[in-house]
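Shared chain: subunit A. Partners: subunit B in the first complex, subunit C in the second.
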Partner chain A sequence: MSTRRPGLFEPRAIGQMAPATKILLYTILIVWAAFVLFPIYWLLITSVKTPAAVNQGPFFLPFIDFEPSLHAWKELFVIDYEDTLRAYMNSIIISLSATALSVLVGSMAAYALSRVDYAPNLITILYFVALLAGVGVAVGIYDVDWMLATAVAVALFFLLARAVGRIYEVRLGNGDILFWIISQRILAPIVVVVPIYMMFQSVRLLDTHLAIILTYAVVNLPIVVWLMYDFFNSIPRDLEESAQIDGATMIGTFREIILPLSRAGLAATTLLVMILSWNEYLLALFLSTTKAQTMPILVAAMNAGERGVLWWTMSVTIVVMIIPVVVLAVILQKYITKGLLVGAVKG
Partner chain B sequence: MSSDHAAKTISIREMNKYYGNFHALKGLSLEVEAGEFLVLLGPSGCGKSTALRMIAGLESISSGELLIGDQDVTEVLPKYRDIAMVFQSYALYPHKTVAENIGFPLKMAKVPQAEMDEAVRAAAAQVELDGLLDRLPGQLSGGQRQRVALARAIIRRPAVFLMDEPLSNLDAKLRGNMRAELKHMQNELGITTIYVTHDQIEAMTLAHRVAIMKDGELQQLGTPKEVYSNPANLFVAGFMGSPPMNFVEGEISSGQFRAAGMSLPVTGFADNAAVTIGFRPEDCQVVEAGTGQVDASVYTFEMTGDQSLVTFEYEDRHLVVKMPKDFEIASESRAAIAFDPAEANFFDTASGRRLLPAA
Partner chain C sequence: MNEWLDRHMGRLFLAPAVTLILIFSIFPLVASLILAFSRLRLRGGGFTMRWVGFRNFEKQLFGSEQFHLLGTFTTVSILGWIVGLAGTGLLIWWMVRYARTRFHWVGFLGRMITFGIAVGLLWLFCATLLSGNPFGTVGTTLFYVFVGCGIQFLIGTALAFACSQKLRGRTTFRVIFFVPMMVTPIGVGYTFRMLADVTKGPFAGVWQWAGLGDFAWATDPWAARIFITVADSWQWIPFVFIMMLAAFESVPRDLVEAGDLDGASPWQSFREITWPHVMPIAATVMLIRAIEAFKIVDLPNIMTSGGPGIATESVSLQAYYAWRSLDLGQASAVAYILLFVTVVICVSFFNLVVLSRVRAQK
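Coming up: the complex of A and B.
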């Protein structure tokens, strides 16, 4: 037996790292953590700095470098509280509603895609799109009454859909539908922001909650469908069939089997969509002016005040903005557990 | 618990299944008696599961009729068919405890809690699961999961049990035990059972009658003994038995079966240019070269403990003979296979159908 001590580059046991590797790894992790955490630390201390402490800085340590003060907090919550509170409520209402809507609709679509085999006919779809374009041309260029044009198009579709579909049989499958839904996310939302703006302008919904909620719900729908499709696919069909034979109704099967097993997926998806909606800036910038303004818009606006950039109040606003997301993440993370399906099938 | 109703018959009449243009089940007709244990046997992909799922109501019936008892259930939802099913995967609900899994059918039937607890305990005791009621399926062994699936099926006392390869995920020893328990339980409960398997030993040991399928088509229906000793065609003959029946192709002319190095008298068969003879490994003996029906050299010799298997190389195929456990022979040596021509089966090579001697 050798008594030689293992070197710096040799692991002490199988499955462990060599000391040198370990040191390197922890160094990288610490540097990375500092990069991630320092801005948050800076935000927190800036929120308790006076304008003087900000301008004469940089100061890093409260009580040592500078005397902390609630100056900025007071300014925002006592003097200027109306704007902040309104933006805060707007953000909460809009993110919650948009998240609820997209998770509800998206997971239903995902469930259907994972359980039902669809075989839409490509030619019929193209026929539908052509009729839609026809209505656009008729109304936009030839001034046909839009109700008349729509009625004719609907009638034509239902009368001839079957005949047209039979011309050439090209069937699409669930994979094509899924890809089409996901492809909606390939375009950056900025590309369609002008049409969206004009659409809401024409129905007089600019600067309302509804406009932003609908837009966010639609923008997030592909993400929900994509994530939940994978989750539902991982639940074996046998479980539902077994429940059916055991006497469960459709709703019973959903409540007893599907919902408990997809809880982790729903929690993760909800959290993600919630964060995306909460932080969204670009679309909100176009769709809101004052009444429906959300937190990100408010924060950005502070960048351009006539008094210069108010770093202290801006920091307070951002701190307040981070809190709900952290709370939600803590609540939902206990549902985001692994290994729920262990023991469902096989030995 | 629901009343202990009498077992029901199952009538399957000209049942067909099409998946698009693929004809998965071809006009299956079967009458299953009340309390009978019927096994659907066939190789993988022959449509057994499809047939069972159609009986369960999980798969629509393209054409034909299905009756359970005297009720036409062709278009009735699974939950109104009074059936219970054991899936190959067991399909246990992973987030529910053993007790909740077993009690699920009663919960769905809105049986009062106290009555349900009592029934769960009784069902668990019947499959020897006592003491595991609070576990989750993930914390059980394969055999225990299998028992949970079984308990969940028996708790409602359904009119019909449907089982799709319920033992195939277990190891060999456990499979043997569970087979015996299953047979005992079915016999005790007297519930009509349709059991799907690709394992002919399971079929032989469990079934009152076996229905053998191939490519979506019923090949033969009969007791295990009947299908074993009077196979309807080459497929059934080759599928039943382990090791399977030996086949040699040849011809019958003027009362003689002839093949390479083989000539034996047969009576009652018409002349036929393409006949296959079949004889089972357990119906023949290894004898001195020149004294049996066919001479061949020994390809390999295996001892399995309870018997010896001698494999011969004959033309381009292998012929197997089952001998007593103390028999020994060297590889490469020359010997002969002896069997009673009256015990052999003859098949029409072209159609595969068994030829019967004209009385």
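Coming up: the complex of A and C.
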């Protein structure tokens, strides 16, 4: 028996990696980590550079290559603080409220879909859509007063819905409703934003928090329903059944039993929706001008002027935008992974 | 009262979500369709609408905006003809095979729509890119979707596989790799603009050394497109990575170890055990990523404003610019074309890839 030294590409023992493979893997991971971190590092050091230090060419190391200064931070948070702080507060208010609304409404719907059997009639739905289109055509093209048109449509719907529904009994199930809600995510915001803009304009809500909060909540609703549906489905039903025997209502069960049990799923969903609303750009561009301006809009507006992009102040605004989300995400990373995966594996 | 509440509680739980979606999604969808068929004039605080039928779509697809949306069609090169005809032949063969084996009219109709879009996009590809003609926003968006998502999927999956091995410190790598997903797209756009600066950016030395000291990537169509793709990939590879990592970790370890004992090479065990297990998740991840990629608008808007010319403009951006010039009819028509292409491609992918994998597993 000759004891041959194992080659670089051969594992030393079963279930272990060969040294060469290990080195290769580490190289890949470290190179990628550098690629991921370098832009963020560059942002951080640019935020403490003076305009001169930026314009004279690339300097990499603070204190060695260049003398760091907080002038850009001062400019944004001491001298010109009104715009920055307003946008920052707007962003916080909007993303928190939109997330709360979206998670509340979405998880209620998800819970209902996972526990109650629905059987909406397809013909009634088609009838409803036809009425909706009719209202749109009447208001848009024939200049009918929109309140009148809506009232007529509502009356027609309630008068004839049952009669129409009886013609064909084609029932949809919970799966169809779920698919319908989730499929709203395919909708590019650009398709719906123009009518939403006109709608808020007609009720004079443009450039208010409420308009943006409502829009963000709806845009993110499909994600909440999708993630929470799978989460609720994985909770065993015995607890609720015994509570129901004790006379608990659906709201009571939902609040006392289900919500506490699904904390992990709620954390993941909340964080995801919060990040999405915090970073959202296109919808805010349409719906806000000054008062309700959010951070992404402020950053874009600041740099669109005549002076070109001022790298130092731009870096500061982006750094203050990423810090809270990155901190939250790193702390809660485990939950996000879990939450996302539940949706992907089963959905 | 209480009894009524109890009986209808199920509906009341679902009602807020459905109402919100009806108001903010379905109603705008219908309104947008009506807008797409009309011309809007703003007039003293209000606006007037006039029904113009298909004229908005006509202008986009065949008229003066054709170069913008689809591209310029002058001549089709020989290569374009060959690829176009071969591709069309293949698609016809696919349709005929379906019609012969298991015909169902719903399936046939769905495949007919897929077929139509596929042939249209194929010829678009042949008549512009393969013939050396400039292509429009649809082509650019598809470039972002297919090339961008392809790259993101390959790199994200590779990284996830590397990170799923038994390595020390992989938790740290995992946290680091996750970070770009949190950065606002606006921030990604500006940061990459800063990094790409040939005189003040960190790679200025490299540019000078390569003799590209006065090269402006923003004026070269392909350089600009690739640059946007790089920034987009930086942001979205983490998403693919996280999902695929979880997928790799859900592969039963004893199966892989049993394979090792039986003397399977790493490649064999990856192909025969790991890949079939993660394939359904991979398909779903790709679908989610593609759906989001069709909406791309922030990065081209921030990094290049759609330029040079229209080289990096996505369909969403085109619709946004149309809205900004108060041409709401055109904006809605463009947006609807995007919606149609997105829905057909995503639903086809879902039906033909995701569902067929699920069916095959059962």
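By our rule, the second predicted complex is superposed on the first by the 288 of 347 C-alpha atoms of A that agree within 3 Å, B and C clash if a C-alpha of one lies under 4 Å from a C-alpha of the other, contacts with A are read in each partner's own complex, and residues count from 1 in each chain.
The criterion applied here is as follows: a contact is a pair of C-beta atoms (placed from the backbone, for glycine too) under 8 Å apart; a residue touches a chain by one contact, two chains touch by 3 or more.
What you see is a predicted model; the values in this text were computed from it and never measured.
Q: I'd like to know which partner A:175 touches here: subunit B for first, subunit C for second, both or neither.
A: neither
Q: Which chain, subunit B or subunit C, is in touch with more residues of subunit A?
A: It is C that touches the greater number of subunit A residues.
Q: Between subunit B (first) and subunit C (second), which, if any, makes contact with A:245: first, second, both or neither?
A: first
Q: Would you sort A:118 into first (subunit B), second (subunit C), both or neither based on which partner it touches?
A: A:118 sits against subunit C, while subunit B stays out of touch.
Q: Identify the residues of subunit A that lie in both the subunit B contact region and the subunit C contact region.
A: On subunit A, the residues that contact subunit B in one structure and subunit C in the other are 340-341, 344-345, 347.
Q: If you look only at subunit B, which of its residues touch subunit A in the complex?
A: Against subunit A, the touching part of subunit B is residues 56-58, 77-79, 83-85, 87, 89-95, 104-105, 108-109, 136-143, 145-146, 152, 156, 169-170.
Q: What residues on subunit C touch subunit A, complex-wise?
A: Spelled out, the residues of subunit C in touch with subunit A are 5-6, 9-11, 13-14, 16-18, 20-21, 23-32, 34-35, 38, 49-51, 158-159, 162-163, 165-167, 170, 173-188, 190-195, 199-205, 234, 238, 242-243, 245-247, 250, 257, 260-261, 281, 284-285, 288, 291, 294-295, 297-298, 301-302, 316, 319-320, 323, 328, 331-332, 335-336, 338-339, 342-343, 346.
Q: Would you mind writing out the residues of subunit A in touch with subunit B in their complex?
A: Residues 236, 238-239, 241-248, 252, 256-257, 260-261, 339-347.
Q: Contact residues on subunit A for subunit C in the complex?
A: Residue positions touching the partner: 14-17, 22, 25-26, 28-29, 32-33, 35-40, 42-43, 46, 54-55, 57-58, 60, 105-106, 108-109, 111-113, 115-116, 118, 129, 132-133, 136-137, 140-141, 177, 181, 184-196, 198-199, 214-215, 217-219, 221, 225, 249-251, 254, 275, 278-279, 281-282, 285-286, 295-296, 299-300, 303, 309, 311, 314-315, 318, 321-322, 325-326, 329-330, 333, 336-338, 340-341, 344-345, 347.
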